[in-house]
Amino acid sequence: MSAIFEVRNLKRSFGGLAVTNDVSLAMAPGDRIALIGPNGAGKTTFVNLVTGNLTPDSGDVLIGGESVTRIDAIGRVRRGLVRSFQVTRLFQEMTPAEHVALAVLQRDGRAGRMFGHFLAMPEVMAEVAELLGKLGLSELMHRRVSKIAYGQQRLLEIAVALALKPKVLLLDEPAAGVPQSDTGRIEQALADLPADLAVLMIEHDMDLVFRFARRVIVLAAGTIIFDGSPSEVTKDARVREAYLGSYANAGHAA
Amino acid sequence: MQTVFSIAVDALAYGMVLFVISIGLSVTMGLMRVVNLAHGAFAMIGGYIASYAARDLGLGYGFAVLLAVFGTIVIAVPIERLLYRRIYGAPELTQVLMTIGITFCIIGIANYAFGPTLKTVPLPLALQGSVDLGFRSIATHRIFAIACGLAVAAALWYLIEKTAFGVKLRAAVDNAAMAAALGVRTEIVYAVSFAVAVGLAALGGVVGAELLPVEPYYALRYMVTFLVVVSVGGAGSIPGALAACLVLGGIDTAGRYLVPEFGEFFFYLAVIAIVCVFPRGLAGRAGQ
Amino acid sequence: MTMATMNDALAGAHGKGHKLGRDLAGLAVILGLAVVGYLLFPNNLALLTRMTAIALLVLSLDLVTGYCGVATLGHAALFGTGAYASGIAAVHFGITDPLLMLACGILGGAVAGLVCGVVILRAHGLPQLVLTIALIHLFHEFANKASSWTGGSDGLAGIAPDPLLGHFEFDLWGRTAYVLGIILLAVVFALLRLVVRSPFGMLCRGVKEDPIRIRAMGASPKLALMKMYVISGAVAGAGGALNAISTQVVGLDSLSFTLSAESLVMLVLGGTGSLFGALTGTIVFMFFEDIVSAANPFHWLTMVGALLIAVVLFAPKGLYGTLAGLAARRREARR
């Protein structure tokens, strides 16, 4: 079993309430997993535990077989666990080219260099142009982020994550807040993700989940209640109970 | 033993004066989220007015205190209307610049109007001398300062916890947008709180004139002292501010008594240590 | 759409040449102003040299405040430490070669930058501001108490630098000091242009905008800020050393809250986040100071305060920032 990313018996409680209760999962390169669950299921806490922004009470997080439980968020990124944000976090005064170049330079350990300019580094610029080209952002390369559309900012968010050459990519609702007309572009970008990358997507939009994921994990009240193929998830009795029990109107999910 | 007792009394008095001056700063910072570096300048204005009223106009102490409090409010409210209002919600650097600009202006004007020398507020006979407790005697003025601090704490507690205004104030501190949506007129809450804060600063400036002497650079000299009370005690927290004032008063007074040759050195060292240990404050939401 | 794209692409492709041009223009402006200053105020070179030293302090402040977003009211700590390091080296250790004194100042400033950075970067927001104010007072008190080394409130006197490079005496008119100062400023300016445009400079701008995003990229915002603080300390230290060499005395005022606040005023007056802004602010402020304090010293602080309020209200981007913004808008309108 060659898991690139693994979570073992992760537990965390706040004031006696177990928000993440004995969660385990393993991912292999190339996996496309969607993590879903009703509001309050503990998805955000799970993301924070995995990325290192919260410390678990017990349990382990492993990247490529190495335990990173005691390593901080920055160290985990450097080991190949990269996340995107539910609400884009981009530098409003900087351009897409600068974003991607900074990520590329950081990945190569050159972001601390105090001379030269990335526009004059052909190998960096080649990668920047390629990545932005793939995501259809070439034309906006040198425009300030504050002046580009939100859908394009979401694509840039993905570009920055990819520029870090992750082994595991955590996508936190990659299409959130994007107008319907632009979601096609994002879905295309998700379909074009590198084949050997392990992707864990947290998502509400079930249409997107069914098109993207080859495996679905359902989290409810801090525990995994389902782990299987997308075709089976809607038939599972516990999933129906978790959603319909608390959200009688969530018909599309059942 | 004698020293320990003197330090304790002085520290308590000093801490209470700090409390009277900085509690208004704490409440307004919690409320309006403005880094106000000019708060000490208002305490200084209060001191100058009282000194002028008592020494040059020959008014009584009580009257001088009243005049100082209301005079300072009259001076400060237009400043709030014209200048502070424009920096609510602005970046921190902007707030720092604006309020330090106001401080510099006030210092410059005070220096021009009253000269660079120390000003005293003559105490009435009743507050001169000392009270004999049987085993020790304490300067009456110290007891007066401590009593003022306790009275202000009690009055504020009553105002905030027991009155309709207090309810609005707490709502606005917690979530100004929500309070406004619920029909609280936050502008009025802001204006009243600002006036009360400035009035208390002036009161503290007069009562504490024996401990924090009034001179033009008062506003800069004690700026960090007042700010650290808020940042350590937590903006908007009365118990936090009280605790921070007593700790700081204790450290500063003990330093002056025990190692006078090092002046303020240990005080600033302690400030740095405290802020480093409690970067989010003892009890509150400072630093958010 | 295609036109805009073309323009953007051109701007990107030509960015490098364009920026190099601006670097050279910047250096030319510094040297040109230096010559003009020399010709206009041959009897007041001391003021011009002091201006140069303070310009280094303001540039250094711009690095942490303008480029990294750390609001500090204690930046003179780095300048003053540089001045004392250079002065103490000369008075107590006999290091009187001006270039070695300069090196001592730079080193002292860098160490002070490290110390201040370690303390200041522990907190954010109001507590951070409190730390900066407490630090400058602490440095001031320390220098005041360590009077056997620093001369205390009398100042550290008796600094007698050797001739520069063994040839150029520090004359009574301050010509040598002035030339040394201008060369130092030009070199520092050129180096800083490199730094702020480098990948590291880009990283710092990122830290200023969103440290959480920087962490998610696997970079440490704190490490970047620490490095910038040390660089900033070296620059401020160079300014302090220049002041010590040219005036041959170091006073406690070089470690004062007032100098810290004034340097912030100069930076904001010129415009934060731009090296040209820092220089503009220093020049305008110090001429203003020279005129006003000569005319009416009583109102100096009032004027500074009023100036500050006016800048916040009417030119929040500073003189240079506002003018540059206007120029950019006109250029765009012409397209």
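Chains: A, B and C, in written order; residue numbering restarts at 1 for each.
Everything that follows uses one rule, which is that a residue touches a chain if its C-beta (ideal position, glycine included) is under 8 Å from a C-beta of that chain, and two chains touch if they have at least 3 such contacts.
Quick caveat: nothing in here was measured; it's all calculated off a predicted structure.
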Result of counting contacting C-beta pairs for A-C and B-C, higher pair: B-C
Central chain of the complex, centres being mean CA coordinates: C
Separation of chain A from chain B, taking each centre as the mean of its C-alpha atoms, in whole Å: 49
Chain centre separation in whole Å, for chain C relative to chain B (CA means): 34
For chain A paired with chain C, centre-to-centre distance based on mean C-alpha positions, whole Å: 42
Chain A residues touching chain C - in the complex, by the definition given at the top: 51, 73-74, 77-78, 82-83, 85, 89-94, 97-98, 101-103, 105-107, 110-120, 139-143, 160, 164
Residues of chain B defined as touching chain C within the complex: 29, 35, 83, 86-87, 92-94, 96-98, 100-109, 111-112, 220, 223-224, 227-228, 230-232, 235, 261-265, 268-269, 271-272, 275-276, 279-281, 286-288
Interface residues, chain C side, partner chain A - complex: 1, 5, 8-9, 11-13, 15-16, 19, 194-195, 197-203, 205-206, 209-210, 212-213, 215-220, 224, 227
Complex contact set, residues of chain C against chain B: 65, 71, 73, 119, 122-127, 129-131, 133-135, 137-138, 141-142, 144-145, 257-258, 261, 264-265, 268, 272, 298-309, 311-313, 316
